[in-house]
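Working notes for the structure below.
The letters A, B, C and D name the chains in turn, as written, and every chain counts its residues from 1.
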């Protein structure tokens, strides 16, 4: 495992939050409170995503750069451009 | 239940996605694929949040407006302002 | 004017920032620094947007609620639902 | 210039939009219409930012990777991690 232990814990917390939100809806709790919890989960998922991507930079991308293999470098650069595109649209 | 059935289903789907993402990390799957799945869950949670808030508008806020009770109206308006503030910071 | 003076000032600041960013690009300044400035402008625009919407709640929406006119209330509620939809997609 | 011509044009368009929004506020135009225009500018700025960062990947980051200089590579990787952090918080 890269060292995605941190992201794993964050995702497990987010999963627990979403289970709690499901119960809030089933218990007909107040909408505004439910909304706040959903956005707290969004914040957690964004945090996990950033950690995953930074681990990727520190491992896969750095290894590619050190490999001095142009083909491998180009693949990683193009992937990062793809990441920038979908992050800009989805965050 | 307000008719938050839709949001409930979306949240259950999001929960399933996050369980799958946890397995992806445990299986040391490629970071970029994991990141994409996380952002797909963020998109789902945003969708659920919008449905919850729109149901709130159609029920609690509309009822307050029809109530012709200034105090009740002001409470709902202030709550919506709070929602605008935290949405702007968290989405 | 609703009292959108605040938003007006924020937008004028954002305009000045964007003019500065244009010069940074023309001066071939470092990409990361340019990116940071762009996101600072995004944050300003979000802030102005929230103020505009909250002023709307305090004026147009509140007046509609006090009007006790179901048609006027429904129009405002539907507009707010539209706002929630495009905010969720664009912020 | 990196070839940030595209981003330059987008930013000039965004600047024009903001000037138009300022006039909308001064003309006391309807809040919802103003809000929509602000979010259209946010979308443009995000687009410009993504282009700037992708140009950075294609030029500065790729050059560092090809340089085979560990120090230069590490600097670029750390910068990208910083970018991921502030993008996650500001987009």
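Going forward, a contact is a pair of C-beta atoms (placed from the backbone, for glycine too) under 8 Å apart; a residue touches a chain by one contact, two chains touch by 3 or more.
This one's a predicted model, so the numbers in the text were calculated from it and none came from an experiment.
Least step count on the touch graph, chain B to chain D: 2.
Between chain A and chain D, the centres computed from C-alpha atoms are 21 Å apart. Averaging C-alpha coordinates per chain places the centre of chain C 18 Å away from that of chain D.
With each centre defined as the average position of its C-alpha atoms, the distance from chain A to chain C rounds to 27 Å. Shared contact sites, meaning residues of chain A that touch two or more other chains, fall at 46, 49, 53, 87, 91.
Taken as a contact graph, with one node per protein chain and an edge wherever two chains touch, the assembly forms a single closed ring in which every chain touches exactly two others.
A complete list of chain pairs in contact reads A-B, A-D, B-C, C-D. Note for the complex: chain C touches chain D at residues 1-2, 4, 7-8, 11-12, 14-15, 18-19, 21-22, 25-26, 28, 31-32, 34-36, 38-43, 45-46, 48-49, 52-53, 55-56, 59-60, 79, 82-83, 86-87, 90-91. Interface of chain C with chain B (complex): residues 46-47, 49-50, 53-54, 57-58, 61-62, 64-66, 68, 70, 73-74, 76-77, 80-81, 84-85, 87-88, 91.
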